[in-house]
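Letters A, B, C, D, E and F name the chains as they come in the text, with residue numbers starting at 1 for each one.
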Amino acid sequence: MTELGVVRRKIHRAHRASVDALAAFGVATVHEAMGRIGLMKPYLRPIYPGAQVSGTAVTVLLQPGDNWMLHVAAEQLQEGDVVVAAVTADSNDGYFGDLLATSFKARGARALVIDAGVRDVKTLTEMGFPVWSKCVSAKGTVKATLGSVNIPVVSAGALVNPGDAIVADDDGVVVVPAALAEKTLAAARAREANEGDKRAKLASGVLGLDIYKMREPLEKAGLKYID
Amino acid sequence: MTELGVVRRKIHRAHRASVDALAAFGVATVHEAMGRIGLMKPYLRPIYPGAQVSGTAVTVLLQPGDNWMLHVAAEQLQEGDVVVAAVTADSNDGYFGDLLATSFKARGARALVIDAGVRDVKTLTEMGFPVWSKCVSAKGTVKATLGSVNIPVVSAGALVNPGDAIVADDDGVVVVPAALAEKTLAAARAREANEGDKRAKLASGVLGLDIYKMREPLEKAGLKYID
Amino acid sequence: MTELGVVRRKIHRAHRASVDALAAFGVATVHEAMGRIGLMKPYLRPIYPGAQVSGTAVTVLLQPGDNWMLHVAAEQLQEGDVVVAAVTADSNDGYFGDLLATSFKARGARALVIDAGVRDVKTLTEMGFPVWSKCVSAKGTVKATLGSVNIPVVSAGALVNPGDAIVADDDGVVVVPAALAEKTLAAARAREANEGDKRAKLASGVLGLDIYKMREPLEKAGLKYID
Amino acid sequence: MTELGVVRRKIHRAHRASVDALAAFGVATVHEAMGRIGLMKPYLRPIYPGAQVSGTAVTVLLQPGDNWMLHVAAEQLQEGDVVVAAVTADSNDGYFGDLLATSFKARGARALVIDAGVRDVKTLTEMGFPVWSKCVSAKGTVKATLGSVNIPVVSAGALVNPGDAIVADDDGVVVVPAALAEKTLAAARAREANEGDKRAKLASGVLGLDIYKMREPLEKAGLKYID
Amino acid sequence: MTELGVVRRKIHRAHRASVDALAAFGVATVHEAMGRIGLMKPYLRPIYPGAQVSGTAVTVLLQPGDNWMLHVAAEQLQEGDVVVAAVTADSNDGYFGDLLATSFKARGARALVIDAGVRDVKTLTEMGFPVWSKCVSAKGTVKATLGSVNIPVVSAGALVNPGDAIVADDDGVVVVPAALAEKTLAAARAREANEGDKRAKLASGVLGLDIYKMREPLEKAGLKYID
Amino acid sequence: MTELGVVRRKIHRAHRASVDALAAFGVATVHEAMGRIGLMKPYLRPIYPGAQVSGTAVTVLLQPGDNWMLHVAAEQLQEGDVVVAAVTADSNDGYFGDLLATSFKARGARALVIDAGVRDVKTLTEMGFPVWSKCVSAKGTVKATLGSVNIPVVSAGALVNPGDAIVADDDGVVVVPAALAEKTLAAARAREANEGDKRAKLASGVLGLDIYKMREPLEKAGLKYID
């Protein structure tokens, strides 16, 4: 339940090896492996292309125009975490910059996912600290009102519990509930094993219509070909 | 007329050599050559910078959250085509990824223009298969409801008939009706021939005010200079 | 006061050396140095990453779909200027391309900031002429209706007077009133001097909670830690 | 084909009695009767609630910030027409107000559908002249650049040919190609005849699950009930 | 946890009398009583002004362009419920119209809250069945893919568990977790009791500065008055 | 110049009788009388239809999520003022509700114009206190960070100086600089005097083409009529 002014120190992180292995499969495959759910809204975009990470969520609930709780969150970070931040109202301010990134990185964080803005993106890119955000904004924030750390948050349309597995790449961000990390990894592996053969056939010019045996269902659905 | 459940196999493609020659002029010049019309909405953006292509349109009408007809379209592709996809409702899902791109490329397609989302953009970039889309989204789609292939579609605010010439670059996407491809190419050539000289003059510091003889019309319109 | 059909030739430009020195501090620092104000809306984005400039504003008020006054503005440019353009109505058209950029560059301009669209972005990138804009659009414009040059304009939510200092980088754009350029530079310097030490501490794992002495105010505000 | 600077005086209007009869069925039913196509984008909204009209399209292509062609269109109006306006670029200006509405009404027009803004909405409401628009804006326009009247236009995402039937109500706007007006009317009638009985059953508490015999397909699709 | 293809029949509904009593306080007061949290995004708007309701949530997860599960949900409704619908992707289609409203009303539902579009809004208004939605759209939907009923959903940025209390009025929609309904009601009562006196003072011209004793903290914060 | 933490007590209000007389002309006419400038962005919408007001601006600069300065502004109000509020960052929160409206009304204010959200809109409507806002949101705000009162602000894209005349109706909001109030009133009167005759002619079926003598310039511009 959402509660303000609370920091949970002990959280249950998803199975480390499974979380770490998820990055390689990418967001599209992981979300398919979960049954096509768990995605954050597509307006979240990486500040630079090419980053592909997975990690365990440390969640932060911020107040609009106030980044105090990001400093509080830094103390709760462990190696392999991804910080996931939400704001109690729509906001485009720049809650995070190179100083906080330096701190987060030093404490073991791999990335930030924030349903708001970030700044210092040139330096963040040079540091190799990836951020998925709603926008880029130089607008600074105050430190005046309490939010919370490590409570369930809704960020960019997805529910994130502390400890959940987060996978992020150029396609977006997906949330895997901690309890499903291992099962999802297995499903992602199965899915990908299946794709290599298809890719080779498609590359040789064989049609998906034939590989996936779509001609019959298309005909049943009433598709007509006209010359 | 928009009709669902139909695939037109024989379409009249615009004059190949003219279509191929249009790419070099770029979208801004081609749209000017047409009389400043034919552009798709500027929210269509390339998934990576630098691609510049032209081709003949194979059109696809999709249902929301359903990419079935993209597989059907693959069979209708010829060397030099550009797939132009529309959806019957606003949608941000990821209708297209690296497997379909592999198939489209193998069948001769040069690019995809889609008034919706794409995924696997990192792989698409590595493959060099350019896509102009409304957004990037990992959200997968189903294969359950019929749309159509090679009917007239409205995509990103522009009417596209199968066989029309499509030109796309970092500035956006323009549609040249098949019957106007050669005339438009000629107009684009004339326009560009005219620009080289102007560019040199402007680079030397001569003002557009003088090159375009704007001082008199500006004065007539009432422009006042104040010190 | 906003007046149409006027070009002011003599404007008071901010102190040159101060303006030039501001670029190195970047937009986030400069806006903090001003007391966290002066930013343009974050929807303004650079057409390519990495540019970081400062300059003195030559302002332009355009009519929708009409770029006539950009040609008029070219004549008023001096070495070290940044053109700041506004439109009297919301518009996404492409008011500016490589020919105008060639002219602006030849006349000494360092960049364009425009609350509308630009085109020829590939060429602009190759030329190294940076633009911060609301969007990219190939849509051309006419030359039929008067606006003004070097009057106060509101562009992307910020008031810009001719001669003000403009700083722009990957984080956005900030406006420094001419009279405040030197004071702001001093404040930016003080701020940055202060940051080096903090960065080193944060990089070594010391928490912002301790560096900024936040533990007491957080406790006073009622923050609770739960295991 | 889109051509600028053209007014077509003779257009083929859809069958009058059929067009007139369509209003009563409303937009949702008509679009379903067409096979769930033909809708304009849902961002078009009526300036006051409760209007429900149908008519034959007189189309107008406008240039951004310029309403000249609406005056030209007035002369082409006949009793029972609905004016459908598009702009060659995204625009939110107020192209239409009470004077033009007075003229349009006097010439027989029933409504305006415009992919841009309108003004004088209080007076338009008092006059009972309904408008479906993208927005309301007091921003006035100039009369300087030619567009066209009665050419095919794409307005709010839909292709509209002069003479097509337009149906508009609180749910939005749908376009019925002239050739399909009678067939669509028949389909709308059949659909509505079918709904009365369903409505009575649903009102008595019978479930759609049973009326539409959905239980079996839901079970086949794998739906599980849990207590 | 989000699971597709599941209908939970037994849910724990929030305390009936408390839920019913919440409506009178309105959304703004209830959200303040919860500590300023729980609001759905402000883009949710009522289809007609003046409705003010509270009820217990029956949740529905829909697939894009598919309203099958709303029919499934109808069977799970009890007197005093409010249906809260989410879609697995952004969508503006019209998932709900007068037939479903007739059914929902007959089964005891008081309102629908949907993070997507609705249609037949004129009839819904006449029926007095209020809907809070993202938009109005006539676009119909199919019945082809399973979602779920009575699982936790994220709708318009808020987590809703089946049985939670929902309060909706012209200001928006707030979610009160079932376990907090009584406590929130008490807090809302206390808050409102406190407001009557303030309102009278403010109406007589006494300033909030004095009622809330703000002058001292404003001075401490450094506020300067200038003549 | 924008300065935080400042309240200006003495401001120069525009000529009272002129300001009061502007309301009757409406926003569209006043903005035309000014030369087609001065409008706030059209996303500002009235919370209820039909209000038409004019008044003198008392300006407020707010911090995101913080409405402290609205309480400070109440003390500076005089009979006939309109409060114009801006926020230092994009924000959709509900900064203003029925208690502040009670206070503002008691102190003489006629309306609020705010580039953010409001709440209690049902009560505000019953009170007859009109508000033009970016959105409606129940989200409450804190009182922690200083802004300013009666400094120049940019609100919804327009520069507003304290004392300027504000006119607002269903078409939007226009700002008339204090020094131009009388001149603008005269121009509005002249414009309206001119419209009555035109309206009568248009209502009788005479075309704008003839009233405004457009046929010749249209022909010169190249307009072609086709049968």
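Things to note:
By our rule, a residue touches a chain if its C-beta (ideal position, glycine included) is under 8 Å from a C-beta of that chain, and two chains touch if they have at least 3 such contacts.
Since the structure is predicted, the reported quantities are computational estimates derived from the model, not experimental observations.
Within the contact network of the assembly, the step distance from subunit C to subunit F comes to 1. Interface note: subunit B and subunit E, two copies of one sequence, contact each other through mostly matching residue numbers (shared numbers exceed half of all numbers used). As a whole-number value, the distance joining the C-alpha centres of subunit C and subunit D reads 42 Å.
Our note on geometry: subunit C versus subunit E, Cα centroid distance of 41 Å, whole angstroms. Centroids of subunit A and subunit B (each the mean of its C-alpha atoms) stand 31 Å apart.
Annotation for subunit F: residues touching 2 or more other chains are 36, 39, 42, 88-90, 92, 137, 139, 145.
Listed by label, the pairs of touching chains are A-B, A-C, A-E, A-F, B-C, B-D, B-E, C-D, C-F, D-E, D-F, E-F. Subunit F makes touch with subunit E in their complex at residues 5-10, 48, 68, 71-72, 74-75, 92, 94, 97-100, 102-103, 105-107, 117, 119-122, 125, 135-140, 143, 145-146.
Of all residues in subunit D, those touching subunit B in their complex are 1-4, 35-39, 41-42, 88-90, 152, 154, 157-159, 177, 179-180. Residues of subunit E touching subunit F in their complex: 26-28, 31-32, 36, 39, 42-43, 45, 49-50, 52, 169-172, 174, 195, 198-199, 202-205, 207-209, 212, 214, 217-218, 221-227.
The touching residues of subunit B, counted against subunit E in their complex, run 63-66, 88-93, 137, 139, 142, 144-145.
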